[in-house]
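Naming follows writing order (A, B and C), and every chain is counted from residue 1.
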Amino acid sequence: MGLFILRRLGVMILTAICLTFIVFFLTNLHPNLEKLAKTQGEMRMSDEQVDRWLANRGYDQPLPIKYGEWLGVWPSKIIEVDDGRAYGRCLQTGVSIADTPRFCGVIQGDWGFSTVFKDEVSSIVATRLSLTGKLMFWVMMLMIPSALLIGVLAGMREGSRTDRSLSTVSIITTATPEYVSGVIFIALFAASASPLNQWLASMDWIEGRTLFKGTATSAMENANFNNFFLPVLTISLYGMGYIARMTRASMAEVMTAQYIRTARLKGVSFPKIVVKHALRNALIAPFTVIMLQIPWLLNGVVIVETLFNYKGFGWVLVQAAGNNDIELLLGVSVVSVIVVLITQLISDIGYVYLNPRISVS
Amino acid sequence: MEPLSWGGIFAGMFVQLIPVWIALIVTFTVSIYYKRKLGLYGKLFDSTIGMIGFALVMFWVFVAALGSMDMILTHDPLGQVSGMKNKLPGTPLRGAQDGDYAHYLLGGDNLARDIFSRVMSGATIVILIAPLATLFAYMVGITLGLPAGYFGGKFDTLLSFVANLVLAFPVILLFYLLVTPEIVNTGLPQYMAIVLFFFPLIFFSVLINTRLKQQPQKNVIWLCAVLIPLAVMYVVTINAPSTKIDILGSLDFFNPAAGILVVFVSVVFVNSPTVFRIVRGLTLDIKQRDYVAAAQTRGEGPWYIMLWEILPNARGPLIVDFCLRIGYTTILLGTLGFFGLGLPPESPDWGSTINDGRKLLSIYLHPALPPAFALLSLVLGLNLLADGLREESLRD
Amino acid sequence: MTHETINGKPVHSAAKMYADEFKAGLLDRREFLTRASALGVATSAIYAMGGLTQPVHAAAHAKQGGTIRMQMEVRALKDPRTWDWTQIAFVGNGWLEYLVEYDSDGSFNGWLAESWEVNADATQYTFNIRKGVKWNNGDELTAEHIAYNFDRWAEGEAEGNSMAARVDSIVDPETKKAIDGAIEVVDSHTLRLNLRQPDITLIPGIADYPAAIMHPDDNPEDLLANQIGTGAYKNDSHEVGVKSVLVRNEGHDWWGYAEGKGAFLDRIEFIDYGTDPSAWVAAAESDEIDTIYENVGDFVSVFDSIGWNKAELATGSTIVVRPNQAATDADGKVIFEDKRVRQAIAMCVDNAVLLELGNAGQGVPAENCHVGPVHPEHDASVTRIPHDPAKAYALMEEAGMADYEFELHSIDDDWRKNTTDAVAAQMRDAGMKVKRTILPGSTFWNDWTKYAFSSTNWNHRPLGTQVLGLAYKSGVAWNEFAWSNAEFDALLDEANSIADAAKRREVMGKIQAIVIEEGVTIQPYWRSIYRHTRPGFVGTDIHIAYASQLYKWAVEA
């Protein structure tokens, strides 16, 4: 088992290196660098000014060297410009050029500097990731119990009316992407023009003008039901249907198993069978699905954070990509790769533990 | 002229869609009548869920086909009529002349365009791109997944690593990196198209060649009949004027609208690794079956076994996944439209129209909701269809 | 005491001439205020000379203290002379101020420079620096400090320095630095500029938002570190893309308190809700903001409907949808070489419809010549080639371009995109083929002057000749039309040399006619700009040049 995890870790690092190199390559294509120079320098710079701007900051070096600098395996170049300013990724204010360390890449723990946000990549990613973590926590709190409940209720009596209606509900939720459900929710619950809100306001049942808030910006500091429920609901719904369907299938399978039938013949009451015997076994399969769902939810996070103006990880991703903020984009990619691969690893290990028929080799 | 009531609006839409109803009724009558002779497709008509799904999907397919033949649209989907901006459903057309349809059935959008016509012509784009892109992803996935699963070894390790690499990319990040104008100008998506679009050629040549190897004459005829049109399509598709790849010049007779090719390539690129993993998994499973061993003893070549023994036996799960994946691709296209990436502006595709409509959602509900429901119903239809197929194929 | 001029010197002779012209109806109000105040005449005197009543200040209704939250994009701060977004200035203006202030009524008023005088041929400017202004590090503001800033502005080689063009008349074309002796410190509070050529645009130039006055000891690259400035506020936190907070600089005795300038609020928060106006509405409805930076398009009526107060201002800002006359297509054909093609494009477009669909009808239709009623020299009798799609198509056929597919570029935003979409639709209605390409803002400006056919927004400029000189004159950097016309150039030079408005209008009429006749551009309308504020605040009116004027903002008493 230890060897298995070690090997997986090796693959993980290799994947991260390949992936960041691809991102590095794409973001360092000349048109992208030009865009970077213009957004950072001045919008209407001439071509010579752009070239000088790039050369001053070392962007004109060969790609492998720049990548090596970022990784921390190649000494970072310090460029001194005529007017006394110096550029280089290792430079720090208050430290003279002579005392500046030669290597300062990811290996040395330096994730670089964001050109858009003018801040350390590591601190940006940490803040934003924690905000997204908060969002995801509530998404999980809402999504998993309701998905399992729907799945178990539906799979308990396969083919019944409950099953059919619950299955339809879960299919509908998987067919509704976040940008559709989010838009509908805002229109219904968060626009003062919506008939529902006007009615509620006229009955004096809500304090403000709307039932929920259409923006989650204030939820970053102070999340409450009002400003956080809609984004959480939007993400949860899309993921919920899939987990519910898996649970239903697994539950339905368990319910036809021999030991359940035996228990029923023995006269154990139906609710007791479901809770005591079926549930535990039926929940093994959804576990892996839930783990694999996490990286997939990232998509939803990006859409919902954009839609509701919640400045988390997904928002940073869009900002970094839109502005060609190279080092931030690399940081974002590394984090998302790690999330994807770790969830895969956990789901693999979990699957092995839960299912004795498969062994790790 | 009076604005239409809601009853009038629905009646108007019903009348406008008469060609679609006729096509649907014909399809269903014929299919149900012959369902015993139609294999898995016929069995679909034993399942209510499957039939509902099929009806929803076929509705949009017919809308797309007949819409592009100009049988459904009431107005030009790009035409703007002064005075119709953000007008409610059923508003009569201002300054209508003879021959103009007298109303905006579902109202006007922010640029005074007819929403009904936009939703209907949006179907043409979605129905064209989503299944086709999925099909290409399948070609790539199958062509690589079969040998990876069958041979295993270093080849498998390498391909699986690459597939996992692509899958580890957050989709949105990938799109942001591929679909921005800067990257498009470097020609990168076109180079990717050169690689990805080559797979159907490989797939079909191997498919035919393995089957007809013993009959050289027939083999050549079949190969020519299939490969020459494919190769011509391949060359004219990847060739685009005034880009990095422009060797044909004026011979190039087919140019997909700017952006569509890029979007198409990206979608294929994102979907292929998943298909690869599914095909590889199925191959690993099926290659241990007896009939594969029998074919090996018969002395059949590995490619024959893969394409003519393993692939047909994997069709059940693949067809189901194919349906689901079209739905997923539709959602993905919408996501691209939502972020304003790729698809040409003014495009009536549903993702873009939802994104345009949501901006004024707090005052005008009508521009965003029809495309949202259109997208929802198509994806729902595909899901139900997949469910029906899964149920029926399990009964084998 | 009342001075006729802001420095007590005699009134510039030209100012008196302007007053006469204004009274004779030859100059409009804005032009008169702009011209006279740029010559150093005190605003109150200008109003008196022109027989106008000066508007009453809203300060009477302001309450001391309070917080305002404004929706605004929060951008990274950088060297003021390279500021390219007014939003950056909104934050920086908390502690950085200007020499001169431009007001929405078109007048220029002394700020850190209490007054200035201009010699007869506008080659020498003398600034009297306000006495008793303290930097927040305790230093006294002197003429040396101002000289330091002029030196910095004149550095033409510095990356992204847009001030160099504004103070071009003190820049040596060879060295790209300030000419020796051009910046002369007369005494501790007097600074004289000796220009190499007459320049009447210097004062408008240094009233623009990148002209914030820096302390020589501060590091322009890192404004937030020291925040040495003369203003009333300091920055408490600045998170790009998220939020920036200005708070009153308690230890600092701002000069404006004694002058009764205001700075009423204790705290100003700028919160970033992205560029999508629907998010601003959501924030407004959720009570997370009190005012917005600028309202656009359909959202003006949305904010009206939620009961916020509207501030509206008619401006000279506009959009041009123009062909580039030098652009070639893939086959090497110069697409818009033929005048008939350009005329046909202009003729098939109804400007009123563009205003309706593109900018929600907020503004007035224009005549395709980029000079309008806001400009004093505008000749209203010169109008566009009439809207006639059938004739346009005939012209296009005559030029052999009826089957040509035009590619029309625009930036991806609300009103600019919509207006351009509407142009495309009208061209299609006329029977032409158009393909639309929309580029994100980060990409669009890379090649904005080079697109074959695209739309560009132009901000308000006080004088009618200013934009024509910036963008329409042969060979200038921002000539996105790639238009060169010797007759036009000669007439423009002539117009710039005529002081008398009536005579200038004669020349301007000819200029307008040439621009229209040559089909240089579609310039469909003049925009009005808007800002909405929650009831309970005063002084937050939008400024014609998007200056922040934070000191005017207040909670209503």
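Observations, loosely collected:
Here, a contact is a pair of C-beta atoms (placed from the backbone, for glycine too) under 8 Å apart; a residue touches a chain by one contact, two chains touch by 3 or more.
Nothing here was measured: the structure is a model prediction, and the numbers come from that model.
The most central chain, judged by the distance from its Cα centroid to the centroid of all protein Cα atoms shown, is A. The greatest centre-to-centre gap from subunit A, using C-alpha centroids, is found for C.
Centres computed as Cα averages put subunit B at a distance of 48 Å from subunit C.
Once the centre of each chain is set as its mean CA position, subunit A and subunit B turn out to be 27 Å apart. Subunit A and subunit C have centres, each the mean of its CA atoms, that are 41 Å apart.
Shared interface positions of subunit C, i.e. residues touching 2 or more other chains, are given as 281-282, 285, 305, 440, 443. In subunit A, the residues touching two or more other chains are 34-35, 186, 191-193, 214, 306, 322, 324.
For subunit B, residues touching at least two other chains, in rising order: 180, 182, 358, 361-363. By the touch criterion given at the top, residues 161, 164-165, 167-173, 176-178, 180, 182-183, 185-186, 188, 327, 331, 334-335, 338-339, 351, 354-355, 357-358, 361-363, 365, 368-369, 372, 375-376, 379-380, 382-384, 387 of subunit B touch subunit A in their complex. Interface of subunit A with subunit C (complex): residues 34-35, 38-39, 41-45, 49, 52-53, 85, 93, 116-119, 186, 190-193, 208-210, 213-215, 217-218, 227, 306, 309, 311, 315, 319, 322-324. Subunit B makes touch with subunit C in their complex at residues 76, 78-80, 82-83, 85-86, 110-112, 180-182, 241-242, 257-258, 340, 344-346, 358-363. Subunit A makes touch with subunit B in their complex at residues 11, 14-15, 18-19, 23, 26-27, 29-32, 34-35, 171-172, 174-177, 179-180, 183-184, 186-187, 191-194, 214, 295, 298-299, 302-303, 306-307, 314, 317-318, 321-322, 324, 329, 332-333, 336-337, 340-341.
Taken in their complex, subunit C has these residues touching subunit A: 76-77, 82, 84, 159-162, 221-222, 239-242, 271, 273-274, 279, 281-283, 285-288, 305-306, 440, 442-443, 445-446, 448, 478.
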